[in-house]
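First the structure, in the form of structure tokens, and then the observations on it.
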Amino acid sequence: MVKVMDAFVKDKPKTFCGIMGVYDHPEAAEMAYLGLYALQHRGQEGAGIVSSDGETVYSHKGRGLVNEVFTTHETIKDLKGRIAIGHNRYSTTGADDKMNIQPILVNMKNGPLALGHNGNLVNGRDLRTMLQEEGALFQTTTDSEIIVHLIARSQKTDPLSQIREALNQVRGAYSLVMLTKNKLIAARDPHGFRPLALGSLRNGSVIASETCAMDLIGAEYVRDVHPGEILVIDERGVQSECLTSKSHRTHCIFEFIYFSRPDSRIFGEYVDKTRRKLGKELAMEHPAEADIVIAVPDSSNTAALGYANHSGIPFELGLIRNHYIGRTFIEPHQNIRDIHVKVKFNPVGGVLRGKRVVVVEDSIVRGTTLKILARLLRKAGAKEIHVRVSSPPIRYPCYYGMDFPSQKELIASSMSVEEVKNHLDVDSLGYLSLEGLISAVPKEGRGYCTACFDGQYPVPVDKTVSKNQYIQPFQEIV
Amino acid sequence: MVKVMDAFVKDKPKTFCGIMGVYDHPEAAEMAYLGLYALQHRGQEGAGIVSSDGETVYSHKGRGLVNEVFTTHETIKDLKGRIAIGHNRYSTTGADDKMNIQPILVNMKNGPLALGHNGNLVNGRDLRTMLQEEGALFQTTTDSEIIVHLIARSQKTDPLSQIREALNQVRGAYSLVMLTKNKLIAARDPHGFRPLALGSLRNGSVIASETCAMDLIGAEYVRDVHPGEILVIDERGVQSECLTSKSHRTHCIFEFIYFSRPDSRIFGEYVDKTRRKLGKELAMEHPAEADIVIAVPDSSNTAALGYANHSGIPFELGLIRNHYIGRTFIEPHQNIRDIHVKVKFNPVGGVLRGKRVVVVEDSIVRGTTLKILARLLRKAGAKEIHVRVSSPPIRYPCYYGMDFPSQKELIASSMSVEEVKNHLDVDSLGYLSLEGLISAVPKEGRGYCTACFDGQYPVPVDKTVSKNQYIQPFQEIV
Amino acid sequence: MVKVMDAFVKDKPKTFCGIMGVYDHPEAAEMAYLGLYALQHRGQEGAGIVSSDGETVYSHKGRGLVNEVFTTHETIKDLKGRIAIGHNRYSTTGADDKMNIQPILVNMKNGPLALGHNGNLVNGRDLRTMLQEEGALFQTTTDSEIIVHLIARSQKTDPLSQIREALNQVRGAYSLVMLTKNKLIAARDPHGFRPLALGSLRNGSVIASETCAMDLIGAEYVRDVHPGEILVIDERGVQSECLTSKSHRTHCIFEFIYFSRPDSRIFGEYVDKTRRKLGKELAMEHPAEADIVIAVPDSSNTAALGYANHSGIPFELGLIRNHYIGRTFIEPHQNIRDIHVKVKFNPVGGVLRGKRVVVVEDSIVRGTTLKILARLLRKAGAKEIHVRVSSPPIRYPCYYGMDFPSQKELIASSMSVEEVKNHLDVDSLGYLSLEGLISAVPKEGRGYCTACFDGQYPVPVDKTVSKNQYIQPFQEIV
Amino acid sequence: MVKVMDAFVKDKPKTFCGIMGVYDHPEAAEMAYLGLYALQHRGQEGAGIVSSDGETVYSHKGRGLVNEVFTTHETIKDLKGRIAIGHNRYSTTGADDKMNIQPILVNMKNGPLALGHNGNLVNGRDLRTMLQEEGALFQTTTDSEIIVHLIARSQKTDPLSQIREALNQVRGAYSLVMLTKNKLIAARDPHGFRPLALGSLRNGSVIASETCAMDLIGAEYVRDVHPGEILVIDERGVQSECLTSKSHRTHCIFEFIYFSRPDSRIFGEYVDKTRRKLGKELAMEHPAEADIVIAVPDSSNTAALGYANHSGIPFELGLIRNHYIGRTFIEPHQNIRDIHVKVKFNPVGGVLRGKRVVVVEDSIVRGTTLKILARLLRKAGAKEIHVRVSSPPIRYPCYYGMDFPSQKELIASSMSVEEVKNHLDVDSLGYLSLEGLISAVPKEGRGYCTACFDGQYPVPVDKTVSKNQYIQPFQEIV
């Protein structure tokens, strides 16, 4: 079997996407390419760039990592023009979904429109049914196409009004970049679930999911796109419109815990700084009698350091992560125990032997990987294993753009902390409390969505919504 | 330069497509594949098959010849189910048009629909504009998608009524195969421009552009799909519906002259038999004092034999055609005179030297290839060259599915026969007369479209219609 | 199953290769490419070109047809320099043999040497064993590499002497082109089994297996490379050396019957002219009471015309050959009777119905295809089938470069003509006699190898030689 | 420009290869595949596996990472048999060198032999010239092929004697795995430059460059292959032979500093443990007044931790490494300053701002990356930058298998430490002393090659040897 690695080690929530927009740069597509490179962690299953030279709109999309999709300089050079948007995709369905790779590009009565979307709608199913009843033909199974159909059906005459009319009909999480022949448009839902930032580059503008994309191309961070704001960037400059008078900020707190890169600044704060506080808070709530602190690399490194520094227990590199792993892996038929985890992580015997070990992990979804890691650590000589998790137990599904397994697969949904500890077969287990989490994130003028921990959904969810809500009744054979 | 061979030797009209449908066969997709193989001459730039197992609809499409698109048995096996339709595409635009490869597959409110189309609409532009105004999003630049949008927008509830409503809005040439989860549907415009036949295979049914596709898979020809007929084939059997009470048959006479395979039976007659009569008629109208008759192989072979037999001048193989030519050819920078034609045809010196040669060609479009062939024949020793064409001078564009160059490029449109003769630099030139042509084709209960010869268009054409009517304002970078 | 078409319809002998050389042309590799295009019929499983700019030698090789191996103009442009050689390969072993694609390119003590070979050695096994005993490492399973090792091991100091020394050790059939940094070298075995011609192009020279390659690039045929001649072409001009004082010409008569293109001139005569005489001779030896004469297209066309003309029975096109067939074909699981032949040939019902048919075929190897064709013709309405073969019964294997199945698979080896007739289930069968064959080919100063018909081998064959003599003990997994 | 990333960030020495062997396992090729996966850091430009089922030997090789070369399970399954060897290649020449990918597979008089080699010979040029004079044909430009030719030319009759005779003629560094139809053979040069370990797996045996490959497949480490030892593993078990009575151990000390994975055990010691001692030693030799210690991730992590622990300065994650970087990168035309380094490393502003930073790096070759990193760190807010290098200045080329740039490009070869500090534009710079290095590595019964630091070459080097010693006079156009 060739297996997608994530099928093995998927014990992590997934975001759906990273988005990028560039306005007025002589190498706009190149800048979008670099931005997508920096945002690769937000989606690895597909990438695309659409550009415009004012006359024609150019598109290139494909499966895989950015550097698998864009393999020649010609491809990027052929994406002509001074405006470009890009999108990294993470897909939730196992099925073939080449058609779902964004940006979506359509031809409307007043010209071409391209759109890249990070997030998830909660009234997508109803809107889709309504549109299909009216004869709309859907090419993808994405929420994002609903937005495009709504824009196309608006009887307004200018793009901004059409977009406003469309967005007023959708509910849920969306950070958007759009491109027309001569405009770059950004929009963010009134709750600001997903991050989206505005920057400047030379005389032009940049839109990006995270600031690390701006760092790479030398753009300056200006400010976040406000929740409920539509930004239209064209030859007249940057115009801001409000979708609604009331915006209620409920940022996805998981962006701080795991999704965003530690060197990014989101929701007005450095991720690294917050993540370190999570580790410190965790050390205060759940101290341990131990000899060393190790992280499950790389996403838990910062929290582990925070834990180590506050606890005084030395930080060590007890797990080596193999970074040469591609997205696929050929599995031997004769089972090698724990191979799926071993191929990614190897314990360092010299560090672990005879030691009482604190293992810091940022989150536990199903617990499958961690259970195996614990076994590997013990086999490599660890005397005691104390798991510390820098987020609370995940008990509820997310409808705003995180991909969890179904609720019953969430280990903390059906087991108590004690039961999880026993299941993992470790010596102790401590989760950061919700209070501890809240106390560690920046709060001035901000609020957070913590629905996956406490079930409090800031935007009501259509009861019938499921994660894979739009089952395509057909399948493309590749 | 790598050049598409047809760019060199394109002095032939082109049809748009071949279509194939299979109902109730355990290897429906395999049968569609074989049918497309037999219909390869009707379109070489793309191919696709869509199948249904009653629950899910499966699709595979790609660029190139059938055997370039379907390269592994797995691909065909993955096209599961007992129903399948297939399509060979010839594209008129030079642009990248992967999206245009058929069958088109969409998801409508009452489930998936796939459609393959051979022909051309004459009111496509108006319909498209109307649909776009209403917010329809077009994914392709084909006429065929218009039909799909019209079906999707119908407020009727059953597929047959939806299709009837849609087809009543379109005018022009269409032979169609469609597939839903559990139905195979065929339809043909009331004029019957393009051929379409119904056959039986075991307990199931087959639809094909030409009967040669049925021969290959061992299916029995039953009858032609009638002009203006919709056939719905499902578990209840084959039901026939009339689109309109009045059908006026104007079959494309060029199918007999050049398009169809000589071993096919179309419009109720064997192509070979008709094509031979064209040669005989040509010999009567335009005798020649000559030593040998040769054909421009392979499409003119039958007419040349007819000419030779009637005239008593021996038939010879004076031109060898290289069949290993692929669709692309790398052209040397330093020009080799006539290389584009020489790579395809080589004169046989031993046959031609010192001879007075009758060259039979089925049609002349721009005259470019023939002019070069004449030069090559003369260089190989031919003493006299008498060109005989088994169709009348082509003077008018076709709006029903043949791809000619623009009218001014049609050599007979701007030159008299005498001028063409001088341009080709041959000793004599004779075209079959329209009357001769009509007298050679079967006539009982049938009529023909001869618009390309006489400008009499049986279906009025929107004045603004041009061949490449829908310019996509965007471009996919491959 | 994806099957190589030739596995189905392989009832033809195969040559091993076509070779081409160009000296002193600004686009030498382009000319070699065009030459290989014209020689495609001599080998379709691999192609390669090696060029030299006087300093560096460049190589590109691959599997498949010439236009599958050379797909971009860049590839050919990168083959720099004014000297080039090319090779089309037909492989006899079913195994993966990418390594066997020629030209072979090696680095010897006095620089690089590339070699393309058409033919087969009869003492290859002994030489190979001897060389391996001395420690020579073979990279291929071809005879051709033996020649290269012998050249490399020569203690002579100049290329010509090294080559002469090597060729004096080998026996069998070889037409060779070789390239060093600044020389083009051609050589032909003393019996002249395979054709090889010298031509001129501008100020330079051309070497080609057949003259059709010269026609395409506008080169002039000068003369054949003499049997037993080595030609060295460099800045000093064309120098000729004799390998041996005695050359005994035994040209492969099958080149006239089937291998060479009808528009080529080989062994000093036009192939078309000779092939037509075979048909005439056949008509005299084996007349038939029949209504029409048809050929198994395309290789038998000329002989069929010859038969028709002499017999007065009209020539007709009763079988249509599908030229869109690629090298592979996906076979349905549920057997369709005769599909392998039907996919290639379709009988034309209108021509055949009720007719007594003479079918002219150039040669019968195993009889498998012809047996099926006879069945298809009868099913299409032929009343009587009279097979006429324009060569004698093939009864013996060839060791000089034709690929037959094993002797026991040769139908005429184990059956009398009457038995073959019954096996094919036809009304009559007539083979051209050996005397008839000899009387039809040009004879002045020439002799022919007719070993496959009469078992008279002009060069004694090592008893242990088999066709696939060098079984590679390893296999490359692709 | 598409650029190979290493062209940007190549400020690291390179090893040539990783090798792996498996004897008597039902999925031998799968085990070799997994082993290569674990050894990916030793070579990323090509990979191959050869297996044997006792009758036939199977081979698959290709360019790129292991998971780019082996993409389907079928490929591995087709590598049949219970014996397999594998090789990861790092190539030193920029030229196309597909032919150089190992294992080399040849057919010798007593059957097939495959060989994988890690290391470099010092008398390769002389041997190659000698062999070519004798007529040996070289297919690659590798040293490794020389060994194969010497084995093939041996007049001994058994493989072990042939190999011993061959190895007695070569001098330099070699760790070898070889495969015949029914044997797995390993050998190591008498100095033991490169690591090579023997392990057991079920009833069979494993050979690997590093023990991390054994960990992954669950094999047990048995012992190192001794310097100067030949191991023959077949149905009779594991037999050991000595190449020479005197072995003088001079292990490559750089394996501890940088090459080997921290979780491996080489030369009898855990790499991680040694690397941590290097950091501690460095802290003692070169203390710093600083606020934080950061590593250049990932190879310097362990040394940085050692430094931090001993100095008491907190270890921090100040540089984020982007692991999604593929082997190629499309560079914008309009230069973005430092893009080549920024795309790989991003400084974390929140960690660095206002801090005095110790940056631990394992080695400096040209200093190009470090110079840029220092600039980026400063731009991100670092107040002071103190570079500490856990190895001495590299001043001399390596002839035993490390790939350095030419001596004059080695920054420490032409500059004093003070000059390097100024060039890097940092506040202080400290290299570990050679004595410090020696004191940190395990010493009992072992010796080390430190030639790159002190110019003391344990095996005399042919004066004319250069890194790219065998220039292939021809070029394969891909």
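By letter and in written order, the chains are A, B, C and D; residue numbering begins at 1 in each of them.
The rule we apply is simple: a contact is a pair of C-beta atoms (placed from the backbone, for glycine too) under 8 Å apart; a residue touches a chain by one contact, two chains touch by 3 or more.
It should be emphasised that the depicted structure is a prediction, and the values quoted were computed from it without experimental measurement.
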Distance from chain D to chain A - Cα centre to Cα centre, in angstrom: 36
Rounded Å distance, chain C centre to chain D centre (Cα mean): 49
Centre-of-Cα separation between chain D and chain B, whole angstrom: 61
Chain C: positions in contact with at least two other chains: none
Overall pattern in which the protein chains touch one another (line/ring/star/complete/other): ring
Each pair of chains that touches, named by its two labels: A-B, A-D, B-C, C-D
Residues of chain A defined as touching chain D within the complex: 1-2, 26-27, 30-31, 33-34, 37-38, 40-41, 44, 65-68, 70-73, 76, 212, 215-218, 261-263, 265, 270, 272-273, 298, 301-302, 305, 309, 314-317, 320, 322-326, 328-334, 336-337, 339, 342-343, 346-351
In the complex with chain A, residue positions of chain B that touch it: 50, 56-60, 75, 78-79, 105-109, 111-112, 132-139, 148-149, 152-154, 181, 472-478
